[in-house]
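Shown below is the structure under consideration.
When the chains are written out, they are named A, B, C and D in that same order, and each has its own residue count from 1.
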Amino acid sequence: MKRRMFQFVNGVFFSKFIYGLIVLNVIAIIFESHKDILRSYNQFFQAFEYFSIVVFSIEYVIRIWIADLDNNTPILFRSKRLGYVCSGYGIIDLIAIVPFYLPLLVAFDLRIVRILRLLRLLRILKLGKYSKSLRIIKNVLKDTKPQLSVTVFVAWILLVLASTLMFYAENDAQPDKFSNIGDSLWWAVATLTTVGYGDVYPVTVTGKLLSAIIALIGIGFVALPTGILSSAFIDNVRKDREKSKPCRCPKCGEEFKTS
Amino acid sequence: MKRRMFQFVNGVFFSKFIYGLIVLNVIAIIFESHKDILRSYNQFFQAFEYFSIVVFSIEYVIRIWIADLDNNTPILFRSKRLGYVCSGYGIIDLIAIVPFYLPLLVAFDLRIVRILRLLRLLRILKLGKYSKSLRIIKNVLKDTKPQLSVTVFVAWILLVLASTLMFYAENDAQPDKFSNIGDSLWWAVATLTTVGYGDVYPVTVTGKLLSAIIALIGIGFVALPTGILSSAFIDNVRKDREKSKPCRCPKCGEEFKTS
Amino acid sequence: MKRRMFQFVNGVFFSKFIYGLIVLNVIAIIFESHKDILRSYNQFFQAFEYFSIVVFSIEYVIRIWIADLDNNTPILFRSKRLGYVCSGYGIIDLIAIVPFYLPLLVAFDLRIVRILRLLRLLRILKLGKYSKSLRIIKNVLKDTKPQLSVTVFVAWILLVLASTLMFYAENDAQPDKFSNIGDSLWWAVATLTTVGYGDVYPVTVTGKLLSAIIALIGIGFVALPTGILSSAFIDNVRKDREKSKPCRCPKCGEEFKTS
Amino acid sequence: MKRRMFQFVNGVFFSKFIYGLIVLNVIAIIFESHKDILRSYNQFFQAFEYFSIVVFSIEYVIRIWIADLDNNTPILFRSKRLGYVCSGYGIIDLIAIVPFYLPLLVAFDLRIVRILRLLRLLRILKLGKYSKSLRIIKNVLKDTKPQLSVTVFVAWILLVLASTLMFYAENDAQPDKFSNIGDSLWWAVATLTTVGYGDVYPVTVTGKLLSAIIALIGIGFVALPTGILSSAFIDNVRKDREKSKPCRCPKCGEEFKTS
């Protein structure tokens, strides 16, 4: 029976069901934020929340129970079950249900309960389990780690330099908007990511000149991680294709791989 | 005579004529939206619309008539004519004329007529028939489908996470602009695409910090599809070039072209 | 003497002198636009303009005179001189001086004189003659012509579709900002290039939803030309490097090219 | 003892200590800009500044002392110590401490002291010494110098052309925002980098049309340096990988590594 349960839980039907339930949970969180909708359908949302919690809790208990049948589960203290509980997916599965039970066990401040409710959104991470997406992204991030860390480091130095310079250039003219380097950092992020809300911008000639130079030089460096990530994504797939396609000589039938 | 008509319809002259008529139709739609211009030249626009409809209708009838001569037409229920009517191009050709005839047959609400008029714009898709553009784009989209779906999926998760976090961070300070997660999503789209209209932006310190982190991390992922698409475009052409370069078999020395 | 003049005009010193004069001309145009500066230094700017015109005129006459010594000059009607006058560089050289002489010959409206003065800025194109820049860019544009034309075509269709949809979505709510599809196009350009000034943005729920979808899909396509151009630039240089660097076997000394 | 000091200064512990001190210095500069924080913790910031200066001064003296033991130090006038003082790192080390001592030696205007204090931020460049980041970026910048210079040159021409055209198009309608080409350049930078603060934008039909065309064409060229930089980054790492893959000579079959 345990084996049959293992096959059911890892089967297509159950996966799709949990997948759908997570998506519905995310949609519910979005609609609950509308005060009018929440007031009108309060009971429905609560019922759906109870239903989700029951399903996710049962799923969590079953997964602990059948963990010893799965060869991919890591072993911790000679126990596959403990290995599952402490693995990345086990922790995500726990976080998806714990925010519901905690306020029942301990009396919490209302504000903390509110933040705990926010943790429900982390159920979205359970999606990673059912798609290849997170695995591919994990590979890409691992491949580009050295370049990414270099460019992120440079981006941070640029942000700090830019915001310090702009603070000294604009502080006198706009003491309310460039009141300290922290405020100036907000300008630097908005500018170097090219978002440019328009709530903060330089007004002095020095500030505009500096800002123009910073934008022209800095945007390139802050955009580097994006360029590196997208290149790595494409490389990752190109490698897969080249592996699978051997080249066949039409004369002698010899198969070989083109370099 | 049917064969001669087939050659004429698929010839250079007729293609260019239809191509030009479509472009003029699009320009007419743009100018009609100016109330002053519409009032002054109302009769001209109506005459042009009648002329276009007559040409497109005749074209549609002729294409059905000569469909059995074209080897590329798909066969449906043993009929090439039905195959053309139900093919992608056939449906586009129909959509280009149907919004004109429908209000003549059935009495419609004026608002529906207005939306039906909007469908005229879809004539622009007929252009795809006369250029290689859509074919290349179709190939590129097919090639990059796995990567695009992964990155679009990640982009959506990021948008939802970002907007939920910002809703909880800014709702108290700006209840009118971050009134629910839907409104917050509007901010997330404007920020992560780096458009940044400036109609919604965080004002609290928590919101600004969160927003800066979200922007620096998220923009990279939301921009990934663009990077992937442009790389695929270039690859698509590079492959064409390499086809013309022969490949040499390492065993027998025979040169041949790889497919 | 003519040969000596030819060597002087095509030498390093004369090139640098003209190069510097062009840069100074551009700087002068920028400073002249400041009304205060123009009033104070009017005589200086006029003197500099006369000096530039004299130099460029002499250069033009000399270049016609010595055109028959240059093997690169195209031949037109058996005349190398006529070939130079009608070549791209010849026309640019002429445009750089003609706006000064025209008002002396014919009595012009003051507004036309103003536009003619603007043509002085085209002297900047003479820089292309003295740097390899324009040649590389010309090559890159030629290489990527097929992809660029496809993506520019798709970008235009997207712009027209997006602005027509947004016109129908926002016209009722903001009749002043989305008064016609032309105005709507201005919104579409600002959004799809991610500039997002913030002077026009959707306010209705339909408009925001449409705009979010358009932005997420459209930005990728409108950014394609940039991605294609930058890839082509890098390819262009990579090819040059691979050509020049043969690989030498450390054992037998045989030089060969790696594919 | 000198040798032991050399090993200590170049060891992991001392490097990490200096690294941490620099980061703390940058954080201190950011927090000092908050007037409230500066007033409350003035003595703490001063103490930390004295401590930092003492550490960096001692480091500088020691580095001069032990310079002759380091084989990487360049030799200047037969002296390794002078070589260190005039090397890039030596100058950065000096700049990190000099702004503190200068006002003690010479009586300065208060405004100059303020700018000198800003130089403290350059201590951030000392980080480059302790990470591989700056070296990689230096390589990438060296590799892409020819393409970068071309694209930066083109970007500048585009900026000047765009701002001059927009000045003539918008000067009459918005004499306060497009009062001269310098102001117009500010618009051009904000638009072509796609930041788009929204403080300056065209309002006339001519200006909007021009601006749309400039944006669609120009953004591609201004974004080129970014594309080139990110490609070079990826190439830089790909080359490292390929180095480990041996190359085979087609004549004698000898395997060897390409440099």
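Following the convention adopted for this analysis, a contact is a pair of C-beta atoms (placed from the backbone, for glycine too) under 8 Å apart; a residue touches a chain by one contact, two chains touch by 3 or more.
On a predicted model such as this, the values are computed, not experimentally measured, just so you know.
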Next on the checklist: Count the C-beta contact pairs for B-D and for A-D, then tell me which is higher.
Outcome noted: A-D
Checklist entry - Between copies subunit A and subunit B, are the contact residues mostly the same numbers or mostly different, with half as the line? => result different
Item to check | Whole-Å separation of chain centres (CA-atom averages), subunit A against subunit B | outcome: 29
Checklist outcome for this item: Distance in whole angstrom between the CA centres of subunit B and subunit D is 42
Checklist outcome for this item: When centres are defined as mean Cα positions, the distance from subunit A to subunit D in whole Å is 30
Next on the checklist: By the touch rule stated above, which residues of subunit D touch at least two different other chains?
Outcome noted: 182, 185, 194-198, 226-227, 231
Checklist outcome for this item: In their shared complex, subunit B is touched by residues of subunit D numbered 194, 196-198
Checklist outcome for this item: The residues of subunit A that touch subunit B in their complex are 26, 29-30, 33-35, 114-115, 118, 121, 124, 127, 131-133, 136-137, 155, 185-186, 189-190, 193-199, 222, 225-227, 229-231, 233-234, 237-238, 247, 249-252, 254, 256, 258
Checklist outcome for this item: The subunit A residues in contact with subunit D across the complex are 146-147, 150-151, 153-154, 157, 160-161, 164-165, 167-168, 179-182, 184-185, 191, 194-198, 201, 205, 208, 211-212, 215-216, 219-221, 223-224, 226-228, 231-232, 235
